[in-house]
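There are two complexes below, and they share subunit A, which is joined by subunit B in the first and by subunit C in the second.
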Partner chain A sequence: MQTIHRNPNVMWREETDALAQVQEALDRGDEVEETGTSVLFSGGTMISLNYLGTEIWKLCDGRTMDGIVAELLPQFEVDEAVLREDVQAFLDELAAKGFISYAE
Partner chain B sequence: MELASPITIYWDIPAAADTSLLQRVAADILDCRPLMLQITSTEPRLTEDILTVLEQFRDSPVSVILTIPLAAYDDSCRDHLQGSGVQEVLLAVNHADRSGGEGWPVSGLVGISFPVISGNWRELPDLVHSCLDHGITRLVLPMQRLYEGEPPFFLTVREQRELAEALAVAGGAVGLNLTIHDPFLWRAFNPGVPFPQGGCQAANTMIAISPDGGVYPCPSLPVRLGTVGSQSLKEIIASASKKELRRKLLAHPGACWECGELVECRGGCRGRAYVMHQSLEGEDPACW
Partner chain C sequence: MQSNMVLEAPLTINWAINNSCNFACRHCYSRGDTHEELPRDVLLACLEKVAKAGVFSVNFGGGEPLLHPGLLEIARHASGLGLRVSMNSNGWLMDREMAAALRDAGFTKVGISIDSHVHEVHDRFRGVAGSHGRAVAALGHLAEAGITTSISTVICRINHTAIDDLVAFARDQGVGQLNFHNFKCSGLGLSHKDELDLSPEEWKEFYRGALAAREREKGLDISLDDPIIALLGARDAGSLVKGSVCGKLSLNIKANGDMTPCGFIPVVIGNIVRDDLKQVWRDSAVLEKMRNKKPTGKCSGCSKYEDCLGGCSARALALTGDLNSPDPHCWA
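Here is the complex of A and B:
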């Protein structure tokens, strides 16, 4: 079974102020896709992740894809197939940038 | 991408430091949660003050990069730094090693920091060879410190071409992990490759603390935002004056609007331009 791992050389932090704003926005039912709640930096490349991206990133600790989806599903009102597709696409993008790796 | 707090803090440690002040500044830095802390010391040996500071960051998530003079890197220093939690040690040199091996450590465990100035830029191809000859694969060309109105160093366009040609003749810098902050020096090392940073990052991804405690948007941009000790670093970073400066830096310099190269250089080094013109609207002299 394939497991997913954060690259240990990636430096990252959650942006606490932005996270608080996002949580308030979610309570109001507002869109939060465009708000970065974490920043990742590695090898001169910096990327910002939105709330869902950050939650996925934090779960890249050796879990499987099924494990990540199972953890996220209760948190987001979304069809499992859609969530799985979104998570896979996001992880593939992170893997292409070297921020995560897959292991068998 | 605009950040509420920098990911890199440059801290140039004063020579004769008040230990308690250093500890307060270190705590201040931790409070800002940077990802990286670039500590630079010009002391000829690793002092207790620096070790005390390093101890404060040992178990923190902050990656510490320590730059010290080559002369300070003796056996005692090596022993102290082992297990100190420092992620990377850079040894500052002002010249390429022409001694045939004496003086420089033969080690891939440390990197070299080479502040480029008008008196040594022609040594860059030799420096690359010096590093590789010593098994050193990390080379940093640090940002020039311009806190005190020092004359800014820059290569003219003709000199940039001369350097690019000399590097190409010498075989380039293959095998080196290079960090170059100057977009025009970058061009000499990487002809045709766009500079990776999206414009000036002063007061955004970075903030600098000078030896006298002055807080600056970047080591090369001498606009003082405050003083640690008088205010907390967090307050200075959140201040209206810092945000206003950042707003100005997001706009390209007025002098560059008509320039066809703006899309690539994005105004070059705004600090160097500021020192030359006393304004953020002037062009980087490296364009001349």
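Here is the complex of A and C:
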């Protein structure tokens, strides 16, 4: 089983004010895709993630892809196949940047 | 799932924990600064504030951090709070035991200032005979202790044509990173400007050479912290934002707790003892101005403005009184 791990050298944090805003927006049913709620920094690269990205990032703690999708599915109203595809693409991007790694 | 955002707190803080120094460098920016230092307990509490605000790393400077009697305790406290700890030192007081103690206190990176590959030149510039030799020895002790090392070189009249020698020297010393700092014109740097600073043409030549070296040298990270290199079509790999990082990713704290946008801008925007870091970061009018620079003079209409944002605000402010002025080093 392939598991997914955050690179321990990545420094990261959630931005509390932005997160609070996003939660309010979600309650109202607004779009939150464009709002960053976390920032990740490693080896001179900084990226900021939106709410969904951050939730995925936080689940990269040795779980499998199935584990991550299972955790997210009840939280986001999306089709499982679509979610899986999105998560996979996102993780591949993080892996390419060295922010996560896959292990067997 | 990536997005843009305004950070709620700096990622990194440059912290001058003291202002004492055993050297007399001709370009030093902090000699005119306060000698008032925060008491131990207050400093430790301030580190807690900083960690709580979400700051990732602190880089100690000064002054010479090794002259601070509480350095190890401070670093231990900071790393215990989850902060990454690094520092810049002149290396004079570094021996084997100190390097090991620094590692045990949580230091992962230490930069040593070396201004020339020629020891006489460095010693004369730093005002202390034998300082080059001890700086080189310091790099060895640190590496032996397992701490990542870098060399920091302030580019000025004594070294600007010696790029290849400086690179070869850094390679010989086995450091992973070579930081070419641009000359800042603050503090003593301003008093000695005429003697040390380069002309815009000379800066252009220097950056041409430095960028070529950076291209060429594999396994040695040559960092150029000057936004003006946008003029040569280059972006520093380390530059995460447009223009310079000051007020956008990093903040400077002085020995007495005063916060300034960067070590080279003498404008106090708050005090870490008294003020809320996130609030200052969000509301400071000076930071706001640095984040939203406006082109003036030749910057209006410059095709590089979007990347360069007028260059280094500290230099513009020091020499013209307005941080929106074009960087005095600009050769455009």
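We adopt the following convention: the second predicted complex is superposed on the first by the 104 of 104 C-alpha atoms of A that agree within 3 Å, B and C clash if a C-alpha of one lies under 4 Å from a C-alpha of the other, contacts with A are read in each partner's own complex, and residues count from 1 in each chain.
What we mean here is this: contacts are C-beta pairs under 8 Å (C-beta built on N, C-alpha and C of every residue); 3 or more make two chains touch, one makes a residue touch a chain.
Being a predicted model, the structure only gives us computed values, none of them experimental.
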With everything superposed onto subunit A, say whether subunit B and subunit C fit together or clash. clash
With both complexes superposed on chain A, which partner does A:36 reach: first (subunit B), second (subunit C), both or neither? both
Which partner chains sit in contact with A:46 here, subunit B, subunit C, both or neither? Use first/second/both/neither. both
With both complexes overlaid on chain A, does A:56 touch subunit B (first), subunit C (second), both or neither? second
The chain contacting more residues of subunit A, comparing subunit B with subunit C, is C
Looking at the overlay, does A:65 come into contact with subunit B only (first), subunit C only (second), both, or neither? neither
Of the two partner chains, subunit B (first) and subunit C (second), which one does A:15 touch, if any: first, second, both, or neither? both
Can you give me the overlap between the subunit B contact set and the subunit C contact set on subunit A? 11, 13, 15, 17-18, 36, 39, 41, 44-46, 48
In the complex, the residues of subunit B that touch subunit A are 1, 3-5, 7, 33, 35-36, 61, 63, 179, 196-197, 205
Per the contact definition, I'd like the list of subunit C residues that touch subunit A in the complex. 1-5, 7-8, 11, 54, 56-57, 84, 237-238, 240, 249
Touch list for subunit A against partner subunit B, complex: 11-13, 15, 17-18, 36, 39, 41, 44-46, 48
Residue ranges of subunit A touching subunit C (in the complex, touch as defined): 11, 13, 15-18, 33-37, 39, 41, 44-50, 52-53, 56, 86, 90
